[in-house]
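Each of the two complexes below includes chain A, the first together with chain B, the second together with chain C.
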Partner chain A sequence: MGQYTVNALALGGVYALFTLGLSLCWGVLNILNLAQGALFMAGALTAYEIANAASLPFVGALVAGVVASAVLAGAFELLVFRALRRRARNVHEAELAILISTIALAAAVVAVGLVRTGGLATAYPEDFFRVTPHHVAGVVFTDVQVLIAVCAVLMTVGVVMFVKWTNTGRAIRAVAHDRPTAALMGIDADRLSLGVVSFSAGLAGLAGVLYGARLGFVDAAMGDSLLFKAFVVIVLAGVGSVGWAFVGAVALALIETFVTAYASANVENLVVFGIIMLFLAVRPQGIAGRRVQRV
Partner chain B sequence: MNWYDSHATLIQLAMIMALLGYSIQLAARSGALSLAGVGFFGIGGFGAGQLLKNDWPPAVAVVTVVAGSAVIGAVLSLVFAQIRGLYFAMGTLAFTLFAQTLASSWPKFTGGESGIFAIPLVMTTGGLALMVGVAAAFALVTEFGAYGRKLRLLEEDEILAASMGVRIRRERAIALVLSAICGAAAGAGQSLTFGYFSPGQVSFALTTNAVIVMVIGGTRSWFGPIVGAFVLAFLPTWLQATGDWRAVVQGLIAVAIIVLVPGGVAGTAVDLARWGAQRTWSRGQQPAKPLKPPTDPAAGAKPQARLS
Partner chain C sequence: MSFRRLIVVPVAALSVSLLFAGCAKSGGSDTTPSAKTIKIAFITEKTGAASFYGAQGTAGVQYAVKVINDAGGINGSKIDLTVYDDATNAGQAASLATQIASSDTAALIFGVIGSEAQAVAPIAQKAGLGTVFYESSAPGLTDVGNAIYKITEPGSNFFPQVFDVAQKKYNPKTISIVYSADNPSAVAEIDPTKKIVADHGMQMVDTIPIRSTDTDLSTVAAKVTKANPDMTMVLPSSSATVSSLIKSMRQLGYKGNFIGGTGLIGGALKAAGSDADGTLYPASFVASDKLPWQSGVQFSQGYQQANSTAPNAFNAEAYDAVQFIVEAIKAAGGSSRADVLKGLAQAADKGFTGAMGQVTFKNRQAATSGVVIEWRGGAEILAGTSS
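== the complex of A and B ==
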C-alpha cells in the first residue's frame, strides 16, 4: 500500500513535469505541441549520448538534456511556428497549422532517436546514475524517485509564482488572454513565445532525463504513451491551469497504480479513457479551466 | 515482369494510406482536424479479420465493420459535441491512443503482440481501388456546388458560417463519421490484403504518416490524398541515398512543405492551374487580392512602433 503510493508519487512527478510544459504552451500560445513526447525523448537521448561520450556527472547530463530539448523547441518556434502564425488568416487556422507541423517535427525527432538507438530500448551506461535504495517505515524508495518528486514540486510552485508575481508573468497572462491587444501594450509577444516554447520543452527534457534514469534506458517511442497521460491530465485540470495540472498528474498516477495493482491494466485503460470522455462530454474546460468556446 | 507486378505491394499500401489520408482530409475540409482515423483503422482491421476467420462473406464483413465504425463515430461525435479546434483534435487523438493501448491489452480479440494470422486473402488491388474510388468520388462531388461552398465557408470562418445558417455541430458529426468510415475501410483493406493484423500497426507513427499524406496532398483538391499517399509510398525509393536517416529527411520534407507550400503539392498545382486559366481568360487583369485587416490578429506579434 505505502509502496504503491511512493511509486505513484514518482510517476505522478514525471506526468506533472511533462504536462506542465504541454499545458503552458497550449494555454498561453494556443500551441498544442504533439512534439512534446519527442522532446521528452530528445532529453533522455541527449543525456544518453553525453553519458557515453564523456564521463560527466549525472547533473551535467541532466542539464545537457534539458538544454538540448529547449534549444530544439526554440528552433521549432523560430523556423516553423512563427512563419505559420504570420501567414494564418485567423487564430483557428494558425492553431491547426502549428498542430500539424508539430506532428511532422515529432516524426523527424523520433526518427533521429530510432537511428541512434537502433529502434531498441538502449540501456544507460552502468555508472550513469547510482541508484541507492532507502528503507523508511517499510517502504523502499530511490534517489531518482526523490529527485523526480522534488523537481516536480519545485517547478510547479516556481511556475505558479512566476506567472503570478513577476512582470514577465503578467505579460504571459496578457498574451494568453489576448495576443493582439497585448502586442499593442508593448509586450514583445514573439520573444515571449520563444521563451515559453523553450521553457516548456525544457520541462519535457527534464522529465525525459529523469524518467530515463528511473527506467535505466532510453527508447525512441518512450514519449508516445506520456502524450495520452498528459491529455488526460489536461482534460481533468483544464488548459493552462498549472496547479491543478500537478494535482491531476498525481491523481492520475495514483488511480493508475492502484487500479493496475488491484484490478488489471485493462481496467485501468478503460477507467482512464472513461474519465477523459466523460470530462470532454460534460465539462470540457476541466475542473479549473477557462471557457472553451472563444468568440 | 512489368512495372505493376514489381510494385504491387507498394501500390496496395499506397491505396490503404490514401484511405487514411481521406480519413483526415474529408474532415479537415470542414475545418475539423480529426486524428481518429487510425483508431478506426484498428477497429476495421481486427474486426474484418475476425469476421473473415469466422467465415463471413468478405463483402458483408467489410460493410459490417465500416457501418459499425460509422456508428461508433456518430456516438463519439455526441461526446465531442461541445469541443472544437485543438480540443477536438486532442479528443480524437486520445481515441486513437486508447485504441492503440486496447489493441495490445486485449489478446482475445487482437491476438496479443503477434496479432491475428491466416486471415483469408480476399482483398484484391481492384477492391482497394474501388474503396479509394468511392472516397475520391465523394470528395469530388462534395468539393463543388452548394455543399462545397458551405465546407469552404466553414473552414474559412466558423462564426460567419454559423451566422449564415450552417449547422456546425452537424457538419462536425458528419466529419467524424466520414473519418471513421475511411479509417475502418483502410484497416479492413490492410488485414484482408496482407492476411495479418497486429496491434503494432495501430501506432502513433501511422497517424503521423496519415497526416503527412494530407500535408503532401493538401486539403483543397479531391485527389490530394491519392497524390500524397503515392508520393509517401514511393518516397523511400527516391530517398535511398539518405540511408539510415531516411525517416528524418522524410519528416523534414513534410515540415518544409507545411511552411513553404501551405496548400500541399496537389492543392498548389490545382491553384496554379486555376490561376493560369484565369490569367488567359481575362488578360491583363490581376487576380483579386484578398483583403487584409490592418492588424493580423493571429500574427499581431510584432512590437508596435513606440513613441519615442
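== the complex of A and C ==
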C-alpha cells in the first residue's frame, strides 16, 4: 500500500507538471496545444543531447531542456499562432486553425525524436542522474521521485500565486476573458500570449527531463499517452483551473495506481472513464469551474 | 472559417508528416538499374514508430543484393532493388503495395509490423506478386494465398529452448509473466507459454497485463517484486516498456532473472543497461562464431566486413528473404511474376541454406533452427541452440 502510494504521488507529479502548462494555455489563451506531449519529449531529448555533447551536469541539461521546449513553442506562437489569429475572421476560427497547427508541430517534433533515437528507448549517460533508491519503513523511493513531487508542488503554488496576485497575472486573465477589450485597455496581448505559450511549453519540458531522469532514458513516444491523461485531469479540475489541476493529477495517478495494483491494467481505463463519465454527468464544469447556462 | 483555410491548414499539417515519410522514399530508395535487371521491391518502416526495425531490415536486404550483384547477379541479371518507406502506417503500406502491384516488379519483400503485413498481403496475392514477409507476426498471414510466404518462424516456437537454457543457468522454480495486453502476438503467446512453464516443472505466480503506451511501470514493478518470482518473463511491445519495467524492478530490489520474446532482439534492452544483464530471449539468428551452421558464420563475417557492425536477427531474416527469392528465380529459370510464384513453391519444397541455417517450409511458413540469446554488457551473446 505504502509503495503504491509513493509511486502514485511521483506519477501524479509528472501529470501535474504536464497538465499545468496545458491547462494554462487552454484556459487562459484558448489554445488547445496538442503538441504538449511532443514538447515534453523535446525537453527530455534536448537534455539527452546536451548531456552527451557538452557533458553538462544534470541541472544544466535540465535548464537546456526547459529552454528548448519553451523556445520551440515560442517560435511557433510567433510564426504560426499569431498569423493564424490575425487571419481568422473570428475567435472560433482562430482556435480551430491553431489546434490543427499544433498537430503539425507535434508530428514534426516526434519525427525529429525518432530520427535522433532511431526509434528505440535511448539511455542517458551513466552519470546524467544517478537514481538512488532509499528504503524507509519497507517503502522504496528514489531521489528523482522526490524531486518530481517537490517541483510539481512548487510550480503549482507559484503559478497560482502569479496568476492571482500579480499585475501580469491579472493581465493574462483579462486577455483570457476578452482579448480585444484587454488590448483596448493597453494590455499587450501578443506579448502575453508569447509568454504564456513559452512558459507552458517550458513546464512540459521540465516534466519531460524529470520523467526522463526517472526512467533513465528518452523515447520519442514518451509524451503520447500523457496528453490523454492531461485531458482527463482537466475534465476533473475544470478548464483553466491551475490549482485544481494538481489535485486532479494526483487523484488520477492514485486511481490508476490502485486499480493496476489491486485489479488489472486492463480495467484501468474502464474505471477512469467511468469516473469521467459520471463526473461529466454530475458536474460538467469540473471541480472548480462555474456552471454556465445556455440562454 | 473560409473553405481555403479549412483546406490549407490540414494540408500543411499533413505535409510536415509526409515530408518525413517521403524523404525516406527518395533518400532511402536504392535503385541499381542495369540493362538486364530483375526488379525487387522492399516495403519497410524507415520512418515512424518502428523505424528501428526498418533500418535493420533495409541493411540486411541491401547487403544481400550487393553480394548477389557483385557475384554477377542471378543467371547474369542484376537485381534492381527499390526500398519503400511505409512510415509505420498500414494505410501507407497498402498504398505502396498497390503501386508496386501495378508496376513490373517481379517480387516483393515486406517487414516487420504484423498489422501492415495484413494490409499488404491481400494486394500482393491479388496481383500474383510473390511476396516474402519476415517478422510480421500476424496470425493467418500465409493463409491469404499461394503468393504469400513467411521466412521468420514464430518466436514462441523457440520458447522451449529459452526455458531449457534458463533452467540450466538459473534453476528457477517460479515465474511471473508481464505482457502487452494490446499486442495480439503477446496475448497469443500466453497460453502456449503456460504449458511450457508446466512442462519445465515451474510454478506460474502471475500473468500481469500492461499497455504498450505506458512507460511508467513502477506499480507493475512493485506488484511483481512483491510476489518475488525467481524469473520474470517480459513480452512487451516496445523497448521503452521493457526498459522501464526492468529498471523499476531492479530499483525495488528484485534479484531474479528475466526472459523474453523476440521483441527484445536487436538492442531493445540497451536503455535498461546492466539491469538487463543475463536476460534470455529467442531469435532466428545471432552473430557468433559458435553458431552450429557455417552459413550463419559466413554471413556474419561478410556482413561485419561490409557494414563495420555485427548483424542481428533482423538483418539475417531480411538477407534470407532475398536469398529465398533468388533461389526461386533460379529454380524457375525466369523472373516473370508467374516464374517467381512457381519458383517460390519449388524453392520452398526443397528448402535452402541461409544466414538462419537450413530453412524449410510448411504451408509457406518457414521453419528454422533458432537460437537463445543472452543479453550481457550491452551485447547479444549466443546462449543456446536447438542442437
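FYI, the second predicted complex is superposed on the first by the 282 of 295 C-alpha atoms of A that agree within 3 Å, B and C clash if a C-alpha of one lies under 4 Å from a C-alpha of the other, contacts with A are read in each partner's own complex, and residues count from 1 in each chain.
The rule is short, and it goes like this: contacts are C-beta pairs under 8 Å (C-beta built on N, C-alpha and C of every residue); 3 or more make two chains touch, one makes a residue touch a chain.
These numbers were taken from a predicted model, which means no experiment stands behind them.
On the shared subunit chain A, the superposed partners chain B and chain C overlap sterically. Residue contacts after overlaying the shared chain place A:Phe162 against neither chain B nor chain C.
When the shared chain is aligned, chain B comes close enough to touch A:Pro284, but chain C does not. In the superposed pair of complexes, A:Ile100 makes contact with chain B and with chain C alike. Of the two partner chains placed by superposition, only chain C is touched by A:Val14; chain B is not. In the superposed model, A:Arg86 lies in contact with chain B only, and not with chain C. In the superposition on chain A, A:Ser193 contacts chain B only, with no contact to chain C. Once chain A of one complex is fitted onto chain A of the other, the partner contacts of A:Gly216 are limited to chain C, with no touch recorded for chain B. In the superposition on chain A, contact of A:Ala108 is made with both chain B and chain C. Of the candidate stretches 41-49, 59-67, 77-85 or 95-103 in chain C, only 95-103 runs into chain B once the two complexes are overlaid on chain A. For the contact definition in use here, the residues of chain A common to its chain B contact set and its chain C contact set are 84, 87-89, 92-93, 96-97, 100-101, 103-104, 107-108, 111, 114-115, 221, 224-225, 265-266.
Across the complex, chain A is touched by residues 28, 31, 33, 78-87, 89-91, 93-94, 97-98, 101-102, 105-106, 156-159, 204-205, 207-208, 211-212, 214-215, 244-245, 247-248, 250-252, 254-255, 258-259, 262, 290, 295-304, 306 of chain B.
Contact residues of chain A toward chain C in the complex are 3-4, 7-8, 10-11, 14, 84, 87-89, 92-93, 96-97, 100-101, 103-104, 107-108, 111, 114-115, 118-123, 126, 131, 133, 140, 142, 211, 214-217, 219-222, 224-225, 256-257, 260-261, 264-266, 268. Put simply, chain C touches chain A in their complex at residues 1-2, 5, 9-10, 12-17, 20, 47-55, 181, 208-211, 213-216, 218-220, 222-223, 226, 238-240, 243-244, 247, 251-253, 267-268, 270-273. Taken in their complex, chain A has these residues touching chain B: 26, 30, 32, 34, 79-80, 82-97, 99-101, 103-112, 114-115, 179-180, 183-184, 186-190, 193, 221, 224-225, 227-228, 231-232, 234-235, 265-266, 269, 273, 276-277, 280-281, 284, 292-293, 295.
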